[in-house]
Structures are given as C-alpha cells and as structure tokens.
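Shared chain: subunit A. Partners: subunit B in the first complex, subunit C in the second.
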Partner chain A sequence: MGDMSEGGTTKKFLYLNRKASYGTVYALESLEVVLIAAAFEQDVSLAFIDDGVYQIIKGQDTKGIGMKNFSPTFNALGDYDINKLYVEKESLDERGLTEDDLMPLVYEDEDDDWAEKPSIKIVNRAEMADLMQDQDVILSF
Partner chain B sequence: MSSITVDGKEYGVDEEGYLADLSTWVPGIADVMAAQDDLTLTDEHWDIINFLREYYEEYQIAPAIRVLTKAIGKKLGKEKGNSKYLYELFPYGPAKQACRYAGLPKPTGCV
Partner chain C sequence: MKFGILVNEGPYQHQASDSAYLFVKAALEKGHEVTRVFFYHDGVYNGTSYSVPPLDDRQITKQWSELAKEYDVDLVLCVAACQRRGMMDDGEAERHGKGANNVAEGFRISGLGQLIETGIQSDRLVTFGD
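After this line comes the complex of A and B, so read on.
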C-alpha cells in the first residue's frame, strides 16, 4: 500500500509495454492512458520488454505506412512528471539493440534546479521481476 | 461536417468545433473562432496559441492544462504561469479553447 496524500492514496502503477509501436494499437493506447492518468498524480513507472523496446527506438519514420509517428510524444512524459522508464536488457540484447539505439529521454528535476536527467533505466530480467513485485497496479499492453 | 469560413475559404470542423485537418490552419481561423466566442485576440492570446502550436509540433500532442501552465510560466514568466491568468484569457478553459483556436485536436484527457 502506498502513502496517504491529499485527496486519497497514492499507488504504484506500472504500465507494461510489450508490443512494437505500429502493428497493433496497444502502444499508442498505452501512451494515451499514461498521459490521461498522469492527472491523478500517482506513482507511475513504465516498463518496456519484448517488442515493446521498439516503441522508444530513435529515428522512427512512419511515412511508408501512412501512420502518425507518435514517438516524439515520449519526450513529453517528463513534463507530466513521468520519469521512470525501465527497459529490459535481455529484450534489447535479443533484438541486437543497445541503449544507444533508444531515444535519449530526459526529465527536469524540480528539486535539483531543473537539471536534465535521464528517464530511461536499463534493468535485467531479475530486476524487472522485482520491480513488478513492488507495484500496486500493473497494466499490461 | 460543419465548417467555418475564413477569408472566403471554407475549413471543416468537427462537432465540437475543432479544425478537422490541422495542416490547413491559418491564423485567420483563430480570429474567426474567437469572434464567434465574442472574443478579440490580443498579443497575450497569441503567445499562448503560438506556444501550443510549437508544443504540438515538437511532441505531437496538445499539453494537459497542468503541463501548459508550468511551461508557460517557464517561458513567459511566473506571473503568466498560472491557471487564473490563462482562464482570464480563455474563459472556456485554456487548454480546450486555445487548442481549438490553434487548430489542434482536443487535449488528450480533456472531456
């Protein structure tokens, strides 16, 4: 259970992203739910595993499939106080990817003179399991 | 679909008055929409409208009101970065009304 704060209880929410951006609607739906739910000021984390790691790859170009490239929206997450993005190392490895292939997502730390800090943290499978264990609510997309 | 006429040209809008195709936006659209709300746009209104367009260009979303006030405060000064100031400019709700004038979709999470 989380801490009591003004207006109710703060819970730990984890949004689990497992699918690539454009083959299904899951990735965009997840991002929209995250942005909407940010208004409730809960303790929010995002996790990217399996093909979900493709969602935050840099240099996305959707012209060929005639869909809107929504990857720039991940850069807005910091403005919404969402700055805990966990990426599973094994999922990157299995796809021949490294942290350098991901967008350099950052947030500004209000408590540290608005210093820019990285939002992405690479964790291994065991750490990801611990992270999930630690949540009140997990929403899988 | 409804439409509004600006300088003799018709622009489609959805049932809530938001521009159907944001790539067709011209500043005159904001003036006409504002006139329909009995509002005359000042430089202060345009600061917000232009900010929203830049934000959308960069992030592909219209910001939530909380994000908008924080960002405006940072960009235009603390005295403007609060909802009171923004509601005085856009009495129907800064995010919704200003986004509509800016040709953007309704902000995600706004109902």
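After this line comes the complex of A and C, so read on.
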C-alpha cells in the first residue's frame, strides 16, 4: 500500500473519468478533486474512458448552452505535476475520434531541461486494466 | 480492515446511499474500521436535516445520523458541493449571508482534502455511485 516518503505516505491515485463534460456535473467536480489533490503530493494519474474521452476534446465551445467551458483548466494540470493522462483507444474508436481530436496537453519535464512533452498517452483496453490493477486508490467519476 | 467510503449520489433518487449505509453498518458490525464517509456531488443531500420522507419509508438521513452516533463515524459533506446545492452549517450560512443551518446531526462540512486524506489513510476506498 504505497511508499513512505518525506514524512507521509505516497499512494498511486487514479482519477477515472467516464462521463462527458456538461450533461452531468461529474466531470467538473472530478477536475476539482484533481486540483485539490495536487497539493497532497501523491502519485496522480488520470484516465479517460467511455464518454469521458469527450472531456479533453479540443475546440470546445459552450456558449450555446450557457455553461462555463472548463476544458482550458486541463492545460494547467502540467503545472501541477499532473502529467500522466491515459486515454483508452477503444473508447475513441467507438466514438469516431482519434488522438488528433484531443487537446494537445503538455508538461515541462524538469529532468530533461524542461523540455515540453505530451501528457496524453493512448492505451488499449488491456493496458487500461493493467493501469487500474497497479493503483492504490481509484476515484471513479 | 480500514475502509474509506465515498458517496456520490443523493438519497432516494439512487440506491447508492442505501448501499453505502448498509455496507458501512455491516463493516462496523463485523469489527472493521470506517475512517470516514465522504459525501460528494449530490451525495451531500444525504446530510440535509430538512428531509421529511414518508414515515413508512426508510429515513436515510436519520439512519446516517444514528450510525454516526453509535459508532463515532466521521460523516463529511464536501464544502464546494454543498455551496452549489444549498447545504449550509452555521459558519457557511453566516459567511454567505444565508438564514439557516440545514446540516443534520452527525454530519460536518469540510474540504475535498478530506477525501484525499481518506484515500491515503484507508486500506480500501469504496465508491458508491453511478
């Protein structure tokens, strides 16, 4: 169950996003947990499956529905050292989407002279299952 | 075993809070520890003292309050979720200029950090919701 470091326990937290952004509040409130969690210095990953892949589609425009477009917040995750975002390939395929439809989310790698690197990794369903198996805590929204 | 519990749905609309309650009760009766029950999304409505369901139905909020009293379980309502949904304790009501406290006995309002802390401190974090 996690490693001891710097006076506290570090666990592997996975935030599993399964729903689209605006039909229900789950996506927005999941992102709020992720941002708070960043202060706890845990090993954080995000996964996007099912309709959750729609959360990080680029070019979102919510003017017509009178709701706040919160997708730009995903750009800030890299600054919080949250740079492991896993997107399930089958979920993209089932919705006629490809990696090119997703926001180009990046982070600066401090171990590589702050080189800008992609945060998103496309994985297949079996790899997603392995990722989940590897976690201490999964928060599913 | 130390369980942490996350409840993501409101009462009556969804079975999640019933299942969570029965799970927590069973776990405590078996001698397990429940570090905290954290209520998020519409789950915060489980803690409203203004719920008056028909008397021949289960009294969900009252059940939680009684469980908290009997086993000293920490029932936490997420403050951000509460603010969106009109759940206020005395401090929140005063801060926002609202008239009333509608948090039932045994519940308290606190931040999302308490959810992360629960995940860190529990052997298992069990989520109830869609």
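Throughout what follows, the second predicted complex is superposed on the first by the 141 of 141 C-alpha atoms of A that agree within 3 Å, B and C clash if a C-alpha of one lies under 4 Å from a C-alpha of the other, contacts with A are read in each partner's own complex, and residues count from 1 in each chain.
Throughout what follows, contacts are C-beta pairs under 8 Å (C-beta built on N, C-alpha and C of every residue); 3 or more make two chains touch, one makes a residue touch a chain.
Owing to the predicted nature of the structure, the values given are computational and were not obtained by experimental measurement.
> Given the alignment on subunit A, is it a clash or a fit between subunit B and subunit C?
Taken together on subunit A, subunit C would fit alongside subunit B, as the superposition shows.
> Considering only the touch criterion stated at the top, classify A:Ser140 as touching first (subunit B), second (subunit C), both, or neither.
second
> Based on the superposed arrangement, let me know which partner A:Glu32 touches: subunit B (first), subunit C (second), both, or neither?
Touch partners of A:Glu32: subunit B and subunit C.
> Which of the two partners, first being subunit B and second being subunit C, lies in contact with A:Lys68: first, second, both, or neither?
The answer is first: A:Lys68 touches subunit B but not subunit C.
> Applying the document's definition of touch, where does A:Gly23 land relative to subunit B and subunit C: first, second, both, or neither?
Neither subunit B nor subunit C is touched by A:Gly23.
> More residues of subunit A in touch with subunit C or with subunit B?
In the superposed model, C touches more residues of subunit A.
> Once chain A of both complexes is superposed, is A:Pro118 in touch with subunit B (first), subunit C (second), both, or neither?
neither
> Put subunit A at the vertex: what angle do the Cα centres of subunit B and subunit C make there, to the nearest 10 degrees?
For this superposed arrangement the angle is about 80 degrees.
> Which partner does A:Phe40 reach: the first (subunit B), the second (subunit C), both, or neither?
A:Phe40: touches subunit C, not subunit B.
> Of the partners subunit B and subunit C, which touch A:Asp79 in the superposed model: first, second, both, neither?
first
> Figure out whether A:Pro104 sits in contact with subunit B (first) or subunit C (second), or with both, or with neither.
Neither subunit B nor subunit C is touched by A:Pro104.
> Rounded to a whole Å, what is the shortest Cα gap between subunit B and subunit C in the overlaid structures?
Comparing every C-alpha of subunit B with every C-alpha of subunit C, the smallest gap is 5 Å.
> Which positions of subunit A sit in both the subunit B and the subunit C interface?
Residues 32, 36, 39, which sit in both footprints.
> Tell me, which parts of subunit A touch subunit C in their complex?
Spelled out, the residues of subunit A in touch with subunit C are 1-2, 8-9, 11, 13, 25-26, 29, 32-33, 36-37, 39-40, 42, 136-141.
> Going by the contact rule at the top, pick out the subunit B residues touching subunit A in the complex.
58-61, 63-64, 66-67, 70-71, 108-109
> Can you check the complex and tell me which residues of subunit A touch subunit B?
That would be residues 32, 35-36, 38-39, 68-70, 72-73, 75-76, 79-80 of subunit A.
> What does subunit C use to touch subunit A in their complex?
Contacts found on subunit C: 6, 8, 40-41, 80-81, 84, 111-113, 115-117, 119-120, 123, 125, 127, 129-130.
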